[in-house]
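Let me give you the structure first, and then I'll get to my questions.
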Amino acid sequence: MRHSIKDIASSLGLQAEGDLDIVVTGIGEPGAATSDQLALAMRPDYAAALGQGQARAAMLWADADWRSYGLKAAILSKRPRYAMSGLSALMDKGQGYDVGVHPTALIDPTAVLGQGISVGAYSIIAAGARIGAGSVIGPQCHVGWDATLGDGALLHSGVRIGARVTIGARFIAQPGAVIGADGFSFVTPEVSGVERARDTLGGTGGEDAQAWARIHSLGAVTLGDDVEVGANTCIDRGSVRDTLVGNGTKFDNLVQIGHNVIIGHDCLICSQVGIAGSTVLGNNVVLGGQTGVSDNIRIGDNVITGGGTKVLSSVPAGRVMLGYPAVKMETHLESYKALRRLPRLMRDFAGLQKRVSKLDETD
Amino acid sequence: MRHSIKDIASSLGLQAEGDLDIVVTGIGEPGAATSDQLALAMRPDYAAALGQGQARAAMLWADADWRSYGLKAAILSKRPRYAMSGLSALMDKGQGYDVGVHPTALIDPTAVLGQGISVGAYSIIAAGARIGAGSVIGPQCHVGWDATLGDGALLHSGVRIGARVTIGARFIAQPGAVIGADGFSFVTPEVSGVERARDTLGGTGGEDAQAWARIHSLGAVTLGDDVEVGANTCIDRGSVRDTLVGNGTKFDNLVQIGHNVIIGHDCLICSQVGIAGSTVLGNNVVLGGQTGVSDNIRIGDNVITGGGTKVLSSVPAGRVMLGYPAVKMETHLESYKALRRLPRLMRDFAGLQKRVSKLDETD
Amino acid sequence: MRHSIKDIASSLGLQAEGDLDIVVTGIGEPGAATSDQLALAMRPDYAAALGQGQARAAMLWADADWRSYGLKAAILSKRPRYAMSGLSALMDKGQGYDVGVHPTALIDPTAVLGQGISVGAYSIIAAGARIGAGSVIGPQCHVGWDATLGDGALLHSGVRIGARVTIGARFIAQPGAVIGADGFSFVTPEVSGVERARDTLGGTGGEDAQAWARIHSLGAVTLGDDVEVGANTCIDRGSVRDTLVGNGTKFDNLVQIGHNVIIGHDCLICSQVGIAGSTVLGNNVVLGGQTGVSDNIRIGDNVITGGGTKVLSSVPAGRVMLGYPAVKMETHLESYKALRRLPRLMRDFAGLQKRVSKLDETD
């Protein structure tokens, strides 16, 4: 993978200066880059380390005085972090999955495969499944009965797509992701302690010892275009209709999406987030790592949660939330500052009580 | 899958009214059901949308005035949510796994298979394993050495059952579930900082730099009858004896059950719950999503935790718990209301101090 | 697996007393051990149950009066918990994976295998991969392109090692672990609501509806020697350089390690912990279950966190932390005690206000 500075800049639509014929074979951190790597120095504090590395060329911010760092060439970007997207795509060597359908791949005769598809060793494409053109199904994957993948899908090893799941174009699934397991939905013959606790917001768990009857998930999962799903992440089937995810939404690793959930477009769902059944998220929502969202609530457009936030009730559009239970970030910071000062307040209060008692006596 | 209203009602033991010969092929939401779907309208507020859909028949609550919604037939249930269990079982098309033992399935000659078993492609049944009659082992599963599955098991794709694990009848495992990985148990040659911090409830992490020695898990896992385990959920082996789970207990996705844990019957363990080593749960316990339970404690029968609860000490039977650290739900709600009013209290307190100081001076 | 008391004691370097020729075939709990099992009674309160079991021999603490429990032989240890490490290794029957390379294992001709390697059924070793001598690759694993495993690795079933991942000696990976999935790194063309919320610590999520562009992970993962990774745990690739883990660090199940993270040696990372991108951990750090650690912060050597701790900012070496947000354990305990007394304080405060008002009037 050899690219000249000129070609990289041109492919990213960016300005380049200096010796544009320098060829690089990869990317490196400022202090560790070799002479055939392009160093990434997005900000002046990163660039300071360029002297310790061997890079002859670097990508820097728009008005960087790149020559002062001893560089021979530079690519300049107003938003280097965004430029990193195109640059990293250009430089990615990928996983090197075999091209074509591996002889051990089991493809049901009723499955429909688009043009130019690769299917890895020991992968299974079940009856009625449809795989869009140009898709790469990695090794040891399972694409279930009547499932549909759009064009340009990339499934890494061991991905599992359940029956009747429908996925749009350019889907990416990291290893071990499970789309379309059954929802977690059980019911007791009579009203259960959980139902009572929810109604009364407290009380005690019932003394009843009822067995749980299973509600089967008759719906599937529908994901839009440009969705990415992280390693070992799970998106469950719906009970009656499909669980739904809009275009451009990305899920990190080990995320749980419950049955019937509806998620809008262009959301970012970080690692270990859990969204309980039937909850609805708007568009452009960003949930920080380990956020939990209760069932049957609504999260408005553009909502952002900090890491570890537990959202127990609906949130209006545009809010930035933090804490358990989740509140507006400002409210949370104020409460916690106060909590930290509370032990002193209690001592001061006791003191004040004594003073008042004395006044009472004097009085 | 075609069922008359009459047959559905009779199979569920429910009353039906109207044109019982109407045939449905599936289930739909009130506002979206087609004319050959049975609409589900469990409550009057759901039923209001029936006019927007095409359903001719619906399942409704016991005394519903179903004709007023323009329906031709109705199935009536005192507890429609419970009826949904039988109905959804009737309507479930399932995953369509192949019937019989796939030619690529590797079954050790010493494994014992009951009658009428299916084993999917690229699945492995190890030496000495026993699979009960009527079980369906999906594709790409691994059932380990001397493991036992009861009758009627259903393993979805990629499930992993470790050596010597024993599982009762009618087990269901969602894709990627791991039963019988090694417990997480390590020990240092000398007392470690963690042991000291536990003893002193604080202090500082030690300066010692000891390596961790592994304690192997000699126990396995024993699950009762009618247990279900969610996608990518992990139940670890015990150290000396087996980790134990009672009959009828259900686990959602991405749950972690540590070594030596004992869980009673008919518990509901929601997604992303973690139960640390050697903890004991009673019967009919319900743990909300992302609940964490410390090691070596006891959770009584019928305990319920809200989502995100972190249980750091034992809980008596029947309690409804919330918060971090977990307290009774009422206590939690009261504390958090107070916390929210705390910043104002602090301002008011400062005001009162001034007033008292003035009184002091006057005095 | 038959061992005499003499041989066990000698192999563990411990003192044994009584009839050293007694042979045991396994290990049991004091109250449940059979006559051919060695009972484990680490402390006097455990030993009390020995009378209910059939054990003739036990492992006990250093100065135990073992004859008083009716035993015929005893192995004595100053730190029985540490002795359990060697003992359990001796007694472990393991998973019984096939020896040698299974005929269905697919090994690329360019892969380099050390001496005495086993590769399980339906496992795949990709081009350029290197596996150290004596390694056991379980069934249905995938070792990616140019990945390297040191000597003595043990991969349980369904483990996935991504391209260019480098792992040291004696690696253990539980089922379903994923080393080297892509990092979760996305960027918008213009500054996003998340970036703004971080800068202002609050405000509102932006109204902008930008799509997320993917930053590819060009780095891989490098793990040191003696690392263990739990079931379905995920360690992501770095963006430019590798994600790094030092020697002797152990990860429990369902852990998430984000891109670019650096972890020192001999850390213990418990189940369901999440460490966000680019964070740096020192050595001998112990993170309790469900701990979350924010991105781009530093956790010093010997830091310990309690279960459920959410670490939102850097932590100096040696601290024991608890809570959300994480604070020193003592501070947390003090704050929460105060919080529990806060509702009463509020009532007392209202009372005091009245008293002062009366004094004001009298005055």
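The chains carry the letters A, B and C, assigned in the order they are written, with residues numbered from 1 in each.
Quick note on the criterion: a contact is a pair of C-beta atoms (placed from the backbone, for glycine too) under 8 Å apart; a residue touches a chain by one contact, two chains touch by 3 or more.
Protein names from UniProt, one per chain: A, B, C = UDP-3-O-acylglucosamine N-acyltransferase.
For clarity, every value in this text was computed on a predicted model and none was experimentally measured.
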item	value
Turn needed to bring chain A onto chain C - CA fit, degrees, nearest 5	120
Copies chain C and chain B - interface residue numbers shared by over half, same or different	different
Rounded Å distance between chain B and chain C, as computed from the means of their C-alpha atoms	23
Residue list for chain B, restricted to those that touch at least two other chains	122, 140, 158, 176, 232, 254, 272, 290, 324, 339, 342, 345, 349, 352, 356, 359
Partner chain A, residues of chain B touching it in the complex	26-29, 32, 40, 79, 81-82, 84-86, 88-89, 91-96, 104, 120-122, 139-140, 156-158, 172, 174-176, 226, 228, 230-232, 248, 250, 252-254, 266, 268, 270-272, 283-286, 289-290, 301-304, 306-308, 317-320, 323-324, 328-330, 333, 336, 339-340, 342-343, 345-346, 349, 352-353, 356, 359-360, 363
Footprint of chain C on chain B - complex, ascending	106, 122, 124, 126-127, 140, 142, 144-146, 158, 160, 162-164, 176, 178, 181-182, 184, 186-191, 193-194, 197, 201-218, 232, 234, 236, 239-241, 254, 256, 258, 272, 274, 276, 290, 292, 294, 310, 312, 324-325, 327, 331, 334-335, 337-339, 341-342, 345, 348-349, 352, 355-356, 359, 362
